[in-house]
Amino acid sequence: MKSSVIVFPGSNCDRDVAVALEKMQFKNKMVWHKETRLPKSDLIVIPGGFSYGDYLRSGAIAGKSLIIDEVIKAASSGCLILGICNGFQILTETGLLKGTLLRNKNLKFINKDVHIKVINNNTKFSKKYKKGQILNINIAHNEGNFFTDSKHLEELKKENLIAFKYCDEKGDINENSNPNGSLENIAGILNSNKNILGMMPHPERMIDEIISNKDGVNLFSSLLS
Amino acid sequence: MKFSVTVTLKKDVLDPQGKVVENTLKNMGMTDLKSIRQGKHFEIEVNENNITEAEKKVDDMCKKLLVNLIIEDYKINKIL
Amino acid sequence: MKITNQLIEKHGLKFDEYNEIKKLLKREPNLLELGIFSAMWNEHCSYKSSRIHLKKLPTTGKQVIQGPGENAGVIDIGDNDAIIFKIESHNHPSYIEPYQGAATGVGGILRDVFTMGARPIALLNSIHFGSPNHKKTKSLLNGVVSGIGGYGNCIGIPTVAGETKFNETYNENILVNAMAVGHAKKDKIFYSKAKGINKSVVYVGSKTGRDGIHGASMASAEFDENSEEKKPTVQVGDPFTEKLLMEACLELMKDNSIISIQDMGAAGLTSSSVEMASKGELGIELELNRVPCREENMTPYEMMLSESQERMLIILEDGKEQDAKKIFDKWDLDFVVIGKTTDTNNLTLKYNNKIEGEIPIEALASKAPLYNRKWSKKKKSNKKIDLKDLKKIKIEDALIKILSSPNHSNKNWITNQYDQSVMCDTIQKSGADAAIIRIHNKDKAIAVSVDSSANYCKSHPTTGGKQIVCENWRNLITVGAKPLAITNCLNFGNPENNEIMGEFAECLQGIKEACEFLNYPVVSGNVSFYNGTNKKNIYPTPVIGGVGLIKKLSQPLNHHFKGQNNKLILIGKTFGHLEQSCFLKENYSIDIGMPPEINLLNEKNNGESLLKLIEENLVLSSHDISNGGLITALSEMALNSDYGAKIQKPKKLTNLFRYFFGEDQARYIVEIEAHNLSKVEKILKDNDTYYENIGHTQKEFFEIEGELKISTKSLFKINNEWYNNY
Amino acid sequence: MKFSVTVTLKKDVLDPQGKVVENTLKNMGMTDLKSIRQGKHFEIEVNENNITEAEKKVDDMCKKLLVNLIIEDYKINKIL
């Protein structure tokens, strides 16, 4: 599998994702945002960070960068695209995913390990997980509060496009297990073609026992098989 | 030519920032506060003397970058 | 412009200092030159009151590659790996504008570290606030924490450890100290010393604005009613640009084009150019028309004194300009050759083809004032506490009081606002005695911790000075690291006051003795004087930041109990010292008498014995005993765990309060498997280390036989309430 | 009664946000842009019918919470 990680000037999880991909035997290339051509890839990852300082709206400016046009082209030809954290925000700004990510409900940056539930395991990103499986995974963001209109929400539900939801350690999905105020505890969504996944939690931080746990590994290995 | 642009969240979009500010102000004893919403403000100067042209340019900036039309509304005003 | 007395005062210079300037110049300075002298001769940049004392600190050792005198200290951790680190204060700006003050504090210390060629791998901070009831404390706390997080999170360097304390002594003068730790290759370290004549001096980074003009002199004066007026000098941090600057510098450092590099910190372009020239014993000439400016019509005076953030000065090898510029273009940063090195030994400033200022470098650096200020010795207090005179309380209530107090409450409210995991090498986050950071791609790690004890330092500075070094050393040891070296941030009041200067001299004496004995040298640091308002000085608050090495990675060691029926061993002797204890302070508001004594011999021996136990894989968890004594330490081990402990009452020291709340030093608690007891005892005996078997772990409850029994869940709750309700 | 409040950075204060937005717009080909600065905007409704009183209340909110007087200026306008 060939992967590309897009690097914006303020990306800061680019190395982390690259390490994870290489550990999982992806052949990975880093792609600078000013490039106008993408190397041939089966998977494009838009990593976390603060693409351009995120001073306007998170992800807004990255959404206008040169490389993004290529990402959009690749997406329409079915290439797999994974946006993590800031990457998710960028995907919504480009319109590749619908909805938006507002400020966290408490207006504070939140970094902690939370639980999420695998809602749809029938995708290329999640097939190695069991349906309903509970993962313990790190979040780190200021704007992770997913919001969308009721029409899109209906569509997400009907077409099974919600990938992950925040829950507690027992799997209960409720207000107490919602770290950031996200609509219906949504932590990650897919486009209707299911080749694009945007998620706020950081799977790349969960691949190493000594650092955390290995709950992120199956996301990458799902993509391999 | 100078313009000011006000960007506000659409009515039906949750405004977490406004909410927290509102609660804080109320807790600080400002009980007469009815509601508060927060938005963005830009001051833009363009090299263009024709007002319709200038305004079109600013509008373009809003549409293309400054405003997320899915969740935000905006208003352009000329500054004298 | 004629230099008037008023102008001299406004620049924070004393009249005899001004006379000295005239002597050195052999003429009157102009306004630009006066400004430059004021920037270089103030306390913050010249260390005029502290240098004499700082010289006494031990700064060398096998592990030291670079001690004080550079942007940061450098130590050797083997395999061509070096660790570069330093701590710095941003107290005054943070009080005026907490968010930006703290943010730019983080930005500044990061530049000190990456300017030497290191990729920063961890951030720490030590923050001190006034009483929680003081009207400003809450917003200051909020602002400082989000400022620290705002900068570190955006640039993508994990903030992994720190300390947060409240004490009314900081009501009008909070402390914000930030520490950065970076990793470099030992053979790729960059210094600020200029070399060679006619070399290009390059300005890179953000543009220069009018922000922060006179920041360094502000940090060298007390606050007064007029401080409000100085507010416009606050700088706004731009972590995004710093990220670009960091990546661009690290990219440029991959080849051999840099002769010398220096960040623009306090006193901006002035101090960076002077420092490079002074170390290289040569001159420097700047064309100020070329300085990239953010505002229109900036004067040479403003350019030289601006403290705009996110800027660097680089001296390049001949012919490397173009390639270097390409790198900075790639990162959308300014890159302008603004001058050259000269053989004149002067700082020469040209503007519109005219020389606007010319000062001998040595007048600004080596000839800067040096004061041996008067200081008075602190008398030993002989006040003792007799528990019989105090109102009776229950052990349980006293413990709860401590665990629920602002100073001891769980700090998750703060640390959850910091990205602690980015870079994926954080093995142990905040909340442990020390954080552990893996060296990327390697099988080893460093441990880091920052510590201070203002109460101890106030009551007896020498003992206090020793104590913080020892406490910091202990914190590294409990996670299994070998302590290597420290950086220190010395926050004190007004040095022109004999008593304060005495606190400084004696704290330093204590630090020196402990560092020498423990082979724990000082490799970098920072002094912040004039912390106080209207003659009310803060408690002396030296902060120690330590770095230790874990040679071979294994599961990280922390202080949470790991199982039931494990043996608990108390290393070190308990005398029951209660003066200056948290027990008396929290329960009776008493803070009299001497701090607990430091016995360096025991300190070293006990620590080394524990390290031996850890190396032999005999330790399941370990924790040092500090504020709040044995019982607080044990509770901390229980409250984040499903396991508690059952502790026997002491046989020797029969007063339970003294035994459980006493703050005697050089003590640790270790949890070991029962079957390893004899092995452990043998090692401790062989090392002449005093220890006691105090009990064992058990499920769910923390218990002292016949005295108290609390579930670990309620301990957790008690410990977690304060911040969330504040 | 309804008011709008505009909060802008003081003139000499660095505006990292405005700077990034400006560069981006220029890179997107909007070369006529001379400068752009970013600020905040609030829409505040108070239960108070006396205009001086109402304005005083809004001003109080600005001073106490909404505005960081050290680096920001603000303007209050009545909305009809």
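To keep things simple, chains are lettered A, B, C and D as they appear, and every chain counts its residues starting from 1.
The rule is simple: contacts are C-beta pairs under 8 Å (C-beta built on N, C-alpha and C of every residue); 3 or more make two chains touch, one makes a residue touch a chain.
Since this is a predicted model, take the numbers as computed values, not measurements.
Novice: Quick check: more C-beta contact pairs in A-D or C-D?
Specialist: C-D
Novice: Counting in whole Å, what is the centre-to-centre distance of chain A and chain D, each centre being its mean C-alpha position?
Specialist: 33
Novice: Averaging only over C-alpha atoms, locate the centres of chain A and chain C and give their separation in whole Å.
Specialist: Here chain A and chain C have centroids separated by 36 Å.
Novice: Using mean C-alpha positions as chain centres, tell me how far chain B is from chain C in Å, no decimals.
Specialist: 41
Novice: Where in chain B do residues touch two or more of the other chains?
Specialist: Touching at least two other chains: 64-66.
Novice: Chain C: which residues touch two or more other chains?
Specialist: Counting only residues that touch two or more other chains, chain C contributes 238, 240-241, 332.
Novice: If I count partner chains per residue in chain A, which residues reach a count of at least 2?
Specialist: Residues 52-53, 55-56, 61, 64 of chain A each touch two or more of the other chains.
Novice: Quick one: which chain pairs are touching?
Specialist: A-B, A-C, A-D, B-D, C-D
Novice: Quick one: in the complex, what on chain D touches chain A?
Specialist: Residues of chain D touching chain A: 16-17, 20-21, 24, 28, 38.
Novice: Where on chain A is chain C touching in the complex?
Specialist: Touch residues, chain A against chain C: 9-10, 12-13, 15-16, 19, 34, 48-50, 52-55, 108-112, 138, 140, 142, 202, 204-205, 208, 210-212.
Novice: Residues of chain A touching chain B in their complex?
Specialist: Of all residues in chain A, those touching chain B are 56-57, 60-61, 64, 93, 98, 100, 102-107, 145, 147, 149, 181.
Novice: State the interface residues of chain D toward chain B in the complex, per the touch definition above.
Specialist: 4, 6-8, 18, 21, 24-25, 28, 30, 32-48, 57, 60-61, 64-66
Novice: Which positions of chain A touch chain D when the two form their complex?
Specialist: Chain A residues touching chain D: 52-53, 55-56, 61, 64.
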